[in-house]
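One structure, as structure tokens, below. Some questions next.
For reference, chains read A, B, C and D in written order, and residue numbers begin at 1 within each chain.
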Amino acid sequence: MLFVPRPRRAVLRGLIGLAGLLALAPAAGAAEGRSAPERALTVVGPWEVGGLDPASNGHAFTRLQVAETLVGVDAAGAPAPGLATGWTVAPDGLTWHFLLRSGVRFHDGSPLTAGIAAESLRRARANVGPLSRVPIATISAEDGAVVVVLQRPFALLPAFLANHTTIILAPASYEPSGRVVRIIGTGPYCAVTVAPPLRIELERFEDWWGGRPAIARARYLAVGQGETRALMAESGEADVVVSILPVSLARLRRNPKLAVQTVTPPRTRLLKLNAGSPLFSDPRARRALSLALDRTGLAKVLLRNPGLGADQLFPPAVSGWHAEGLPPLTRDLAQARLLLAQAGWRPGTDGILERDGRRFAATLRTYSAWPELPPLAAAIQAQAREVGIDLAVSIGNTSDIPARHRDGSLDLGLVSRSFAMIPDPLGTMLQDFGLDGGDWGAMNWSSAETASLLDRLAVLADPAEREPLQRRLAEILQAELPVIPVTWAELAVVANRRVAGVRADPLERSYGLAEMRWGTP
Amino acid sequence: MTRLLLGRLVQAALVALVVGGLCFALVRVLPGDAAFRIAADRYGPDALTAQAAEAVRQELGLDRPWPELLLRWFGELAQGHLGNSLVSGEPVSEELASQLGPSLWLAASALVLSLLIGLPLGLVSGLRAGSGLDRLALIGAVALRALPPFVLGLVLMLVFSIRLEWLPPAGYGTWREMALPSLTLALGLAAVSSRVARDAVAAVGATTYYRFARLKGLPERAVLVRHGLRNAAIPVITYLGLQAVYLIEGVVVVESLFAYPGIGHALVHAVIARDVPMVQGAALVMGLMFVLLNLGVDLLCRLLDPRLGAGR
Amino acid sequence: MMLQMQDLAGTTPPRSDPWPISRRIGLGLLALLAAFALLGPVLVTADPARQDLSASLAPIGSDFLLGADHYGRSMLARLAYGARLSFGMALLTMLSAAAPGLLLGVLAAWRGGVTERALVALSDIVLALPGLLLVLLLLAFAPGHFLPLYLGLSLSLWVEFFRVARTTTARLLVEPRIEASRLLGFGTFYILRHQVLPEIAPLLLTLASFAMGTAILAISTLSAISVGLQPPTPELGSMIVELLPYYDEAPLTVLMPGILIFLLVLGLQLTARGGTVR
Amino acid sequence: MTSALRIEDLTIRTADRILVSGFSATVGRGEPLTLLGESGSGKSLVAQAIMGTLPPGLLASGRILFDGADLLCLDEVARRSLWGRRIGLLPQEPWTALDPTMRAGGQLAEVHRYVHGRHDADGLAAAGLGEVGLADAGGHYPFQMSGGMCQRLALAIAHAADTPLLLADEPSKGLDGVLRADVVARLQREIAAGRLLLTITHDVALARVLGGTACVMLDGQAVEAGPTVRLLNAPAHSYTRALIDADPSAWPPRTPREPGPSVIEAMGLAKAFGRRRLFTDLDVQVRAGEIVAVVGPSGSGKTTLGNILVGTERPDRGRVRRVPGAAPLGFQKLYQDPPAAFVPHQTMGRALDHLARRHGVDRERVEELLARLKLAPGLRKQRPGELSGGELQRFALARVLLLDPVFLFADEATSRLDPVNQMEVAGLLRESSEQDGLAILFVTHDTVMAERIADRSITLQQ
């Protein structure tokens, strides 16, 4: 034993002091963003920052305008010049020329060449992503142009080249193995630090081909909780907040310091049914379920906007696809019960329908990646109950839907489907309503007519020619209901009034940092 | 002393083995196709397709026999590697490092705050055990204890960010962003530690030696500081040793509410995404941190109470 | 009078009143809550799952006694059913954590030696394992079910009981009175039953009260990361999460489940410690 | 410096009963006052009244004059200002009154530093420790010091306070002969230094050596007072006499008797704790009807030896042989601290019933045993905390005798009792050894008691 007196008090003081330090000392990177003369524009969004791989996180870099694609998108959602000033297609519809914009430089100063662009595209094609679904034969470079040769005509090529997985990066971005180790793009902002999972720091790229952006420094913060995002806006910590919970909207609108914009993106929350299951193989059952839904109620209460009730697949904003005058999907419990009765379902003792001993009971699967889905599911559950359909809600992982689509164990799924991955909705339609259905679309449902319609659309470029086909498609889906539209979506962007030039992009392709500037609050 | 260190060392080793094996086994036997889960986490809900999942399966060789995978993990662990994340492909150690830092800052500051709040409160209520103030403190503690952390956090945001506009509601980088989350955690901790402190103080106050210190003629302050605090601190510290785990892992909600990067966040994310190496890595780090922390607690207690060192 | 126990420093005899006022209040509270949880579902006719979107967030005192949640479901009904489920499950968790914790703790202290060292090592490892991990993993087997959730919780909760039971028992066992009882021919069971249990009971009670609170909160915490939710089942913890977005429009409604939890923990606390020094 | 402490007509009462009535006494320079009496006689209350630490709910009337003020009229603050400056305390059983987590030096130094604000407190402390022979114990914690060392540290603290008035509370309690003499010597030094000394004790021998005046208390009354020597030599009051007779030195010597057959034998016992060797190659034999005393300084292994014999501890070497045919429960033990040997929440009645039921003893047997041990039936409803040490120890004896043991290990069984009870219990032990032929191993630190009660003694050295 140590009998020698030790200076215990001193040791203790030391410890306490240390503790104090811990409390007060600023955490790592304290100085960041505070010492700068001009405030960094803070953009807050729900999407976490993943790695650098364009296939998984390209969207982050297009939204923040760090990297750009050959083809852009205009206000109407049609393909527009991007890094390519224009394109031509040979009469055979196979060979495409994309003329590169001249004088474009990467953030590391190196010039953009056709070769580099072609290389990026080849990588994108080899990787997971939409481009790998395009019937491409070769991608090569000619002087000042990227040449894409197809196996068969495919009019959507430009739209596919607007997808964020096809961003053009400087050769220095890749390490020999082909892994992206830094993002060197051509956009108006360069990524100074990419700190997964929550932050990206941006700096203005002085010699962007589009001119010098007004705001010098910006940063993106990923904030998962909708409530927190709203508070970030209210507290003035954030300059621009993307995607606000419907509940918070009214409050934010009342706030004089904030400007709220809402747009309707081409996104629909829909019920994906297994048309192969005995429950839903009969179209009458699908229609009955659709008739049981109080879409307006759902939209009013949960989305705080009655107009979002989806009475057909596409919202009005999607021109050419939203079919005017299509008989809307409405609520009619009597009609629903009638249809179910015709389909042979009789109410059992507990009010749940039965047919030769089998209850009309199914599992409604959804996931929490979109915060509105679980509440919607709970409401749908209650409404289905009223016509005698017993749904058990299971909230799981996003992957459950495609996985169970594959092994056929899905009866019913509530999903949020975006038709903007490829700016042209057809891109998604091809994926979802082809002959053997799609991971997020039809399941065990196919219609020869739909298939042929899609095939014909795939080679047509002229909107006027496409319009009737698209309308026909909408009619079939409305009648057959391989998927039941529930609500459309609304994207709310809130900006502090000290920032001017904020524009909400329905396609969620870009936050439009380059157009923003500091205004007078 | 050496025995103590040795014991903790053995514990650390055991933890490493158990954590590694258990996480691996559990994550393996979980229902749901790992390839799909990983793909979902990589490409997001909109871009996830079966085709993507298949690509993932090929790339990661998820269909390889599991003993091979487990053994490789342990093998790499022995050399100090934690493997690569299945989702991002980055080394687990790097991913954790970027989140461990903030987590530690958060935990440490929360711990200190909770002491600054809990101890004085416990002290006064302990000295006046049974008084109105004591009862009030109890009710306060219970209230804090009954309030889910995210509700508490929200309230704090509303007060400090919206009403007073003192602190940012979320983000990270400087102490300002850290203040609210650590306060949220600290209050939850202080709720209980204040009661522990209160009981400890009350107990010490009832001892003969404490009263004799008074009769010696020491001023009350000296009595408290010289004979009260040290003796009362021992149970409090031991308790905090247990609670610190809660700090490291219980923070998940707080982290997501305040958009603060942390290891709890990493763990949940990894489990959901079936990112086995990340799960193992995160769990391992947490486990070892716990061991380390308890070592600290043991040493501190011995420092305060020499009887413990004497093997009594 | 126990003056012979006093020395000059003026020891006051320990308060021996087994029913201090605070304990009575606590018991009263618990009784009320129990009644609400058990009788509520029977008396309240409203269906906790019945939605009426037109009555979304109806205020207190309207055609709903305690108002309605965002789906227009009767809060009263949901609280009653929620209380039954949450309290019941919390009790279950607490018991399934306390029973093994207590037994193993006493066993460890009683047998000592290898048994003790092994058990302590085990508990240390469990402690070092993130409880969250255990719960998450267990849950993945039966997503959306509460039972595995609570059992998963008790997997990490039992340790605390174990540690307390062990240390207190160990301290008791060296007391002369235990040795005396042994010499007087009393068996192990008698000693545990009449001498050990009665003395560690109060401590365990305090632990238990916190454990139940912790259990319910853990649920809400997990619901917050959307684990363990299973609509439309009313469960206090997940109710808070469901309602949270509406904190601005219906703060009181959001708080209601929280208040129930608060009353439960408070009641347990008052009962367990009776406001006296432990 | 103050000349005297005068207590006039002090009465202490609770709401419903009087605990001390009309007590008057004076402590003068060189005239120490010793309050004699059993626990519960109210002597502690008097001291508490002086100190101002009466438990809440007790009211004191009368006057306690000191420094020309009436202590009873002082408010909290004024009272505290006296502690350690005008009135000092020598606590009973100092090992419980010392901070277990503070070194000896610090506990002494703080008196200099915080009470008297003297410079070089540490130096003074070191000197003070040296004076009481603890020079090299300054770095020790209480748990590293023997009872005697703790007692001396307490004395050093009291000395450092250097208060005109010193209250000594049972200063000889739990100390063996040598240590007790040491304490007395130091107290006398304080008296010589002109300090007023008020001692509370039930130790007649202590009172005798302290001299001055003595006052015998019974049930809150001062039954007899006067110069100690006269009072102890010519006691007027019966209780005083009882008290004097109760002192072991006054016990009738044990009549030599022919011991019965050997009940238990131990050969070549050896026991050590870590590096500390208690005893090696020790032989012990106890015969039926024989009382064997084990004496020796604290820490010499007296208790351990007894435990080995009853089988609650194992020896490192050597073996214990019990008489063939003796029931395993025939070897029993009495404990030093009676309350610690009972289940606190169990009434005596229940405890006995459980025991009787377990061993199939019939009620009559229990009743007559209780009667024989002078335990009123009313006590059966009490819990341990509500009984006096004497009563508890007699219950302990009762429950042991219920199993008709052949061997009993009495571990300091009387040391915590006041004289009258002590004699009574000792008498009962003697009685049962004579009547039932019980073999008793009587462990004590009190050599006088040992030679009075035992047939022979074993002395263990440190």
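Rule of thumb we're sticking to: a contact is a pair of C-beta atoms (placed from the backbone, for glycine too) under 8 Å apart; a residue touches a chain by one contact, two chains touch by 3 or more.
No experiment lies behind these values; they were computed from the predicted model shown.
> Please list the single chain whose C-alpha centre lies closest to the global protein C-alpha centre.
That would be B.
> With contacts counted as C-beta pairs, which pair of chains has the highest total?
Counting C-beta pairs in contact for each chain pair, the top pair is A-B.
> Determine, using the mean of C-alpha atoms as each chain's centre, which chain is farthest from subunit A.
D
> Would you kindly tell me how far, in whole Å, the mean C-alpha position of subunit C lies from that of subunit B?
Distance between chain centres, rounded to whole Å: 21 Å.
> Could you work out how far the Cα centre of subunit A sits from that of subunit B, in whole Å?
35
> How big is the gap, in whole Å, between where the Cα atoms of subunit C centre and where those of subunit D centre?
Centres of subunit C and subunit D (C-alpha means) sit 46 Å apart.
> Could you tell me which residues belong to subunit A and also touch two or more other chains?
Residues 1, 227, 396 of subunit A touch two or more partner chains.
> Using the touch definition from the top, which residues of subunit C touch two or more other chains?
7-11, 244, 247
> Would you give the residues of subunit D that are in contact with at least 2 other chains, written as numbers and ranges?
51, 53, 89, 91, 97, 144
> Within their complex, state which residues of subunit D touch subunit B.
Touching subunit B from subunit D are residues 51, 53, 80, 83-85, 89, 91, 96-102, 106, 110-111, 114-115, 141, 143-144, 157, 161.
> Help me check something: in the complex, which residues belonging to subunit A touch subunit C?
Within the complex, subunit A touches subunit C at residues 226-227, 245, 247-248, 251, 294, 297-298, 300-302, 368, 374-375, 377-379, 381-383, 385, 393-396.
> Enumerate the contact residues on subunit C facing subunit A in the complex.
Residues in contact with subunit A: 49-51, 53-54, 56, 70-72, 143-144, 226, 229-232, 242, 244-249.
> Where on subunit B is subunit D touching in the complex?
208-219, 222, 226-227, 230-231, 304-307, 310, 312
> Note which residues of subunit A are touching subunit B in the complex, please.
On the subunit A side, the touching residues are 1, 8, 11-12, 15, 19-20, 22-30, 32-34, 44, 47, 50-51, 53, 55-56, 59, 128-130, 132, 165, 179, 195-199, 221-225, 227-228, 231-232, 234-237, 367, 369-370, 396-400, 402-403, 405-406, 416, 418, 421, 431, 439.
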